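Quick one: the structure is below, and I'll ask about it shortly.
Here the chain labels run A, B, C and D in written order, and each chain numbers its own residues starting at 1.
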Amino acid sequence: MEFGRLFELFIAASLINNFVFTRYLGLCIFFGVTKKMDTAIGMSVTFTSVMVISAALNWIIYKFIMIPLGLGFLEIVIFIGVVAGFVQAADTIMKKVSPGLYYKLGIYLALITTNCIILAVPLLNAGEGYNFIQSMVFGLGSGIGFSLAMIIMASIREKLELADVPKSFQGLPISFIITGLIALAFLGFSGLITL
Amino acid sequence: MADIKKEHELLVSVSPHIKSEETTSRIMWTVNLSLFPALLMGLYFFGPKALFITALCIISALLSERIFQKVLKKKPTVNDGSAFLTGLLLGMNLPPSLWSFNPFMIHVPIIGSVIAIVITKQFFGGLGYNIFNPALIGRAFLLISFPKAMTIWTTPTAAFFALDAKTTATPLGILKEEGIGKLIEAFGDKVNLYTQLLIGHRAGSIGETSVIALLIGAAFLLYKRYITWHIPFSFLGTAALLAWVFGGKNLETGKMLLFAGDPIVHLLSGGLILGAFFMATDYVTCPTVRKGQIVFGIGCGALTMLIRIKGGYPEGVMFAILLMNCFAPLIDRAMKSNVFGAVKEKKK
Amino acid sequence: MSNAENKVSYIGLIKNGIFAENPIFRVALSLCPAVAVTSGVKNGFMMGLAVLFVQVMVNVTTSVVRKFIHPKVRIPSYMFIIATWVTVTDLSMAAYVRDVYAQMGLYIKLIVAFAIILSRAELFASKHKVTPSFFDGLGMGIGFLFALVIIGFFRELLGKGSLWGYPIVNTKPLLIMILPTGGFFAVGILMGLFNWIDMKFFGGGGASGGGH
Amino acid sequence: MKEMIKITISLVIIFVAAGLIMASVFAKTAPIVKIKKEQEETAARKKMMPDAESIVEAGKWEPYGKHGKYFEGKKGEEIIGYLVTTYGKGYSSYINILVSAGKDFKVKGINILGHGETPGLGDEIEQDYFKKRFEGKSLEQLEVVKVEGTDKVQAISGATISSRAVTKGVREAIQLLKEKYSGSVSARSEVAQ
């Protein structure tokens, strides 16, 4: 039963309520990094892992520090602080432990701190009152969903490089329209959680 | 490099922008022709109003293509048959009783055509570059925008303003809501159900109902080698298999019964044949690599059945194809990745 | 930088925010709310107001403390200032405009991650005096508000057949416009239109200046 | 070293000032939020049961793992009906429903408190015509049918899943009330006889 609920949560977070296509989050990054497939993949890996870990960290802090002390109203400041601190730490550790990986993913880390999608996960977790495991599953589902969106988008934009898009629509406008079309297709997933 | 060359020679369905214009237009008009038997059956069953809807779609598709190209001062391509095909497919995918709900909804097919042609095709640079199947985007857009008008189905009658045509559910609608027992009951017996589904005497979109007519057209296209077996057969095969395994349902408990589904009903209804042979195989929006096409077909079949059995819509062909359209460039990329030259060559 | 020069440019700063460096249509920063909260004019307006308030306050605060902040901890300090003002906005909206807040509370909180606010604090307010910073914030905020209201106008009119919640026509002409798909379409088409106008009447895409 | 101290001091001052601002805003707004929220909830309950003099919370329950509550509506000392907040698993969201029931466990009315269903289709559950379809229904009648003219709940055309979700949520609420109260009610009616 519990597993079923978690699976449902995962599917809902990744496909049905996909961060990009139905919650409209992370659009700056989404449009920014999907010009190239390599960047999109690097970003996916980094994002998903940071989302899961920050979901866990923030859950612990929310549950054991903020709630007991009645500091719920500081959630924005604290969550951002935690994410920033964690990213900084990850940056330093990665540089020392695995320079190869740092070389590949380090540049994305810097972009992450002030990203709404990373911040939205702990905020939604706190709002929905998920438990520890659920928070992490939600973070994972959201991360995978975001990655999926980025990778699809990157492959489409690569194909579009050859296309003769009207001049005033080149760049962002056409990307918005593609996203709209993908969102239309993703509507097919709605209703899946109703068993 | 030799490998790539060989592959290109084998391809019948190269993206049209590589081939000469004449070939593109011949292919397109042939596809249009192959859809005619099904259209005629639809007109026979649903009467002149079906003709009106289809004509409206085709005319507005042609007009919007012409006007857009005029505004942007592009070379007109109205005669290549692709805008005609988009309009035809869109019309065949609309319910014949579109305005029995509200007689003033004549703008619906026009909006669908404009969305299909302008947003889905011309914004991307015209034929050959569109990511999604234009007719399906047009239909999806209409389904979401006019949810009621687009889901009213009537029994086949031949009256023009049949406002009193009996509304009914599609076979898949009955199957989803009330189960296979009720469906068989509605058609008398099982044999009658299958034959009626095959002939097309049932509620549904204008061009999706007559499976036999669609198969004739499909056989013609296969014979002319304008389409290959890869996508349709992997699509239908996957759908049939999954329908058989997961399609059964215990009506009392609502729980799923394994290996008890009826694949034939699923195959013959809900536009699966139309989608598998005429829309999933769209040259531009499916992968160009053979292996990729099989993956594409399997994906379409699996998503169709996922949506039909678990999802919110009784029929899932449209969304399944659109979703796989999203993945097509990715599939192509993954399948081609071992021969890096292929991408380069396309770029020029 | 002389005083006179500053005075002339106040209106220019606001104009700059609305047209030349419109945060959404031109600079294309902070796109999420452009789609997320614009299913209605009212929500778009409220969001725009919230951003306007935060942007102005952040710009003013940053400008006041700009000499006091050590350059090494510049960005964290700005983030902290932003987070503070966002929290203030969030708490106030939760208390006073509850119906709006119920629909878009999450996005109000997420103002903290809007690139536009940090970028204005860093690019403008940290280098200018309080008054120009105030007007820069005002210009950016109004530009943001303007964009959100325009998008909201089209989406609500087409999607719900109403404006600011008041029915205009009695059907829902094009329901899809209030869904994500419609939002993306609306923003994409409006952006293309802005580009087209720019190219047609103002001679090409050189308009967007600034530090980007 | 001197620089470090300077940085620390400047940061601390910013933190303290910001903290003060936030805390004071919070101190001012928190009670307002609390009072308004309570007022809204009480008003919603009152609207559902205008006859009751007082509506008292009687317990909590967990439909779909969410937090629901149930209330007793009283006139003087006598219970005249019940209110339950419940959930239904809809098309794309959990639908939060407030159910009002009489002492005979028949639905008196329902209200949709919150949902995220598809605009234009699923959100028709908010419409009065649909909510009216629940009035007077007993547990057995709380089933969704697609046709008109039965004593069951007729689905919204095109939004069967949302309709079904609401109906299921209401049914569970009535079931809960029966479990909690039917024993005492039947006992009481026996005494009366």
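Note that contacts are C-beta pairs under 8 Å (C-beta built on N, C-alpha and C of every residue); 3 or more make two chains touch, one makes a residue touch a chain.
In this text, all values refer to a predicted model and were calculated from it rather than measured experimentally.
Averaging the CA coordinates per chain and comparing them to the mean over all protein CA atoms picks out A as nearest. Each chain gets one centre point, the mean of its Cα atoms, and the points for chain A and chain D are 31 Å apart.
One inter-chain figure worth recording: chain A and chain C are separated by 23 Å, centre to centre, where each centre is the mean of the chain's CA atoms.
With centres set at the average Cα position, the gap from chain C to chain D is 36 Å. Centre-to-centre separation of chain B and chain D, using mean CA positions: 43 Å.
Residue positions of chain A touching 2 or more other chains, listed in rising order: 73-74, 77, 166, 169, 174, 177, 181, 184, 187, 190-191, 194.
For chain C, the set of residues that touch two or more other chains comprises 76, 80, 83-84, 87, 91, 175-176, 179, 181, 185.
Residues of chain B in contact with two or more other chains: 119, 141, 144, 147, 312.
Contacts between chains leave no pair untouched here, as each chain touches all the others.
Within the complex, the chain C residues that touch chain D are 65, 68-70, 72-73, 76-77, 80-81, 83-84, 87-88, 91-92, 94-96, 98, 159-160, 172, 175, 178-179. On chain C, the positions that touch chain A within their shared complex are 28-32, 34-36, 76, 79-80, 83-84, 86-87, 90-91, 106, 109-110, 112-115, 118, 176, 179-185, 187-189, 191-193, 195-196, 199.
Taken in their complex, chain B has these residues touching chain D: 147-148, 151, 169, 177, 312. Remark: chain A residues 21-28, 31, 73-77, 80, 84, 113-116, 119-120, 123-124, 127, 166-169, 172-177, 179-181, 183-184, 187 touch chain C in the complex. Interface residues of chain D facing chain C in the complex, by the touch rule stated above, are 3, 6-7, 10-11, 13-15, 18, 21-22, 25-26, 28-30, 32-33, 36-37, 40, 118-120.
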